[in-house]
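Each of the next two complexes has chain A plus one more chain, namely chain B in the first and chain C in the second.
Let's look at the complex of A and B:
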């Protein structure tokens, strides 16, 4: 039913979205933690910078990433210094761009969840001599779990649905940067509407199943928490 | 109530301010590779006819889908022949209005000066980081680029260096931002007033690829529009042809 290149695009999309979600949770958590608890004057500016990818249209964002990551851009010069060449048209270039693009979707739910916990549970834990790492893993993480799950869902689905940025910096290379959204676009542009419909339907069903299972898991989870 | 009154006055004044001094409006959907020449041609046509031309630029494939779903265009300038042909078969155009308004030319281009001389030596040597080309599945310029590569016998040798643009504009961006050393672009993108604007290029002899014919059609919606018919006729005028040639296109 699906061509080999359609299957390749599906597998690639899954790989990109998973990698990006893991990286975003790793770097988004400290940012969210800092934003939730700081009284620094930098809080405003940093929050604004994190939210900026929401403002720019994806193709515009992609165009500037293409320039920045290109041989004359500041990211491109850095990566060349490090001996890894330039990032556009590679799998990792796609990852870097997607991390930047989906960052607000991961930082904000985690930040809200941490803010909702407040100071009190942490102070209590501190009086019980819990160190800061201990407090994070045994108090913050369990209490803010719904926030983390929402962040992971949003980060994953937003990356699956990403199009404009990939179109700009991807170069449509099979197995490297040709993700499902680009493949559907290709089918539509080539007037292959049947293939486009099939692939779009699969994308929607897949995303629906993933979202449904995650949300049901989250619901059960909060019910357990309430007991 | 007072707020409502002042709002309606503001809205009414917007209506009155909208340009109604033109005789007629023509909505034209234009393939992105023809953006610059079409702006010049439309301006000339507006001056000569007094009609107003409203231009939309984009990919031919998107315009095709939009036209089939009721987009309000009178004229469609495609980047190829397939889409106007498909529209004709679907009965979406005024019969016999289809004609070739421009024949595109292909160039191998680098944004670096002196990177290529006006020949295929650099391409054959393989001495470059990446090669941008338009996706041959979507863009006639991509098909032409593949023909050139095949003719030179370097398709397999260069394949690992290919980077594909969704259309010829994106292919141009990959080269102009320096992300690829080389790329097959439309001559019209790097040429203005008969000269190459920047970088270095190989203007590929037209016998190395099949002609990139771009067709225009008058759409069903323009049945009673003299202005739309006027614009299509104007595309064949000497003034328009001179503009088209100055951007590196040929005409029939």
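Let's look at the complex of A and C:
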């Protein structure tokens, strides 16, 4: 009932969202850690930059990323130096753009969770001979686990739901950058409402189920928010 | 201090702590330069806000003083050019509120320490600590299910199982209600007599200090007001903290005789004998007694015809004004101890008390603190 190109778009969306989520957890965690614990004056500006994608139209973000990753942009020059060409209209270009776009959705829940833990458990661990990595893996990670799960779910679903940035950076290349949201747009443009309906319904059900499980998970969890 | 059996700097013994810390946002400053014994329990005593906890945190490396110096038994933990991270200091720390890791069981919390202590766990130490703290039956429980008192006992056990060379305790009983305090105090007393680890014990409770401490550091406004052996510090009247309704002295003694018929024990305290209620102690046992200033009265002659059991010949040392303008605190010298009596100025005048006068002290009650 779904066409081959629909399935391809779904698979690509899944691949993009998974890759972006993994990258975001890796780079979002140190940013969240720093924001949660720093007393630096840079905390305000950095928080604002991280939160920018929440308020900016995706086209603005996409526009600047397009320029930066283009042949004359600083990211573009770097990638050319490295011999990987330019990123716009490629799978990895889409990944880079999505990482920026979904960053606040991952950083903020982790930051809140780390702030909720407070200083004390880390001090306790330090008096029990745990070094900083040890403290992170044996105290922060387990205590902030609900925050990390929330972050991963929000990062994943937000990436699945993006459209504007994809159009600006990725364009519409089957198997490379044509994700479900773009595919729906294409179907509507071509007046293929039946197929648009199917994909759109899948998106709604997927998003609803994910958010429903997220909220019931948060309610069940007493460690996060309650402390 | 004459009775301060400690040694100068640059030796392999004692703890040397010197810290200067200016709090960035408040006016609080810590300014201490201390030499402490490396055995027994040293109480860091003072009102809240006097800097006790900050001092302990500086020693642990949890707080970084602008200028700091800490040497323990010849091992430097901090100097002008060197700062040993907290997790590399061989210490144990018990926080004011029971700070178990909530995601681990009681046993999981203990294992956390055992795994990281860096010293193989002696076969009997584990059982000894579990037994000492009485936590055998709650080991499998999730730490969130435990009561405050149980949590704190597990936290103390955890600090012991790291096998510290120095145990730091920050008001471990302050967050507990009185019943829980009475529940844990005996464990701490046992701990003190079983372990050789020196303990620094922060407290604002006179009762805890008198029961547990050998040595006392009195803190006021971020500075050390006085320090010395517990008997010595409590027989001074130099600090307002030391004279309130609880003003009194502590004597160390030994039970030398028991009277079966009247259920009394005789305690010999450096030449002064006192009769106290028999609490089931045995002859030869070391005890610590407390005599409140309000329980001491003075007579010019020895009154055999009174209900008071304990009468001692004393010499007046000095007379200090109490906070109450009607009352005076009179310091008295017994054989080798100091005694304090709280009297009205009328009585001081009536008895014509002056330094050097010899008379009799009647002691209405003597409390056995340990």
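Simple rule for what comes next: the second predicted complex is superposed on the first by the 206 of 227 C-alpha atoms of A that agree within 3 Å, B and C clash if a C-alpha of one lies under 4 Å from a C-alpha of the other, contacts with A are read in each partner's own complex, and residues count from 1 in each chain.
Here, a contact is a pair of C-beta atoms (placed from the backbone, for glycine too) under 8 Å apart; a residue touches a chain by one contact, two chains touch by 3 or more.
Computed from a prediction, not measured in an experiment: that's the story for all the values here.
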Partner chain in contact with A:53 - chain B first, chain C second, else both or neither: neither
Contacts of A:28 with chain B and chain C, given as first, second, both or neither: neither
First, second, both or neither for A:70, with chain B first and chain C second: first
Which of chain B and chain C A:131 touches, first, second, both or neither: second
Partner chain(s) touched by A:143 [first = chain B, second = chain C, both, neither]: second
Partner chain(s) touched by A:123 [first = chain B, second = chain C, both, neither]: second
Parts of chain A lying in touch with chain C, wherever the complex brings them together: 120-121, 123-131, 134-135, 138-139, 142-143, 223
Complex interface listing, chain A residues touching chain B: 63, 66-67, 70-72, 86, 88-89, 167-168, 171-173, 182, 185-186, 188-191
Residues on chain C engaged by chain A in the complex (per definition of touch): 60, 62, 85-88, 91-93, 95, 99, 101-103, 112-113, 116-118, 158-159, 162
Residues of chain B touching chain A in the complex: 59, 61-62, 64-65, 82-83, 86, 130, 132, 135, 137-138, 162-166, 170, 173-174, 177-179
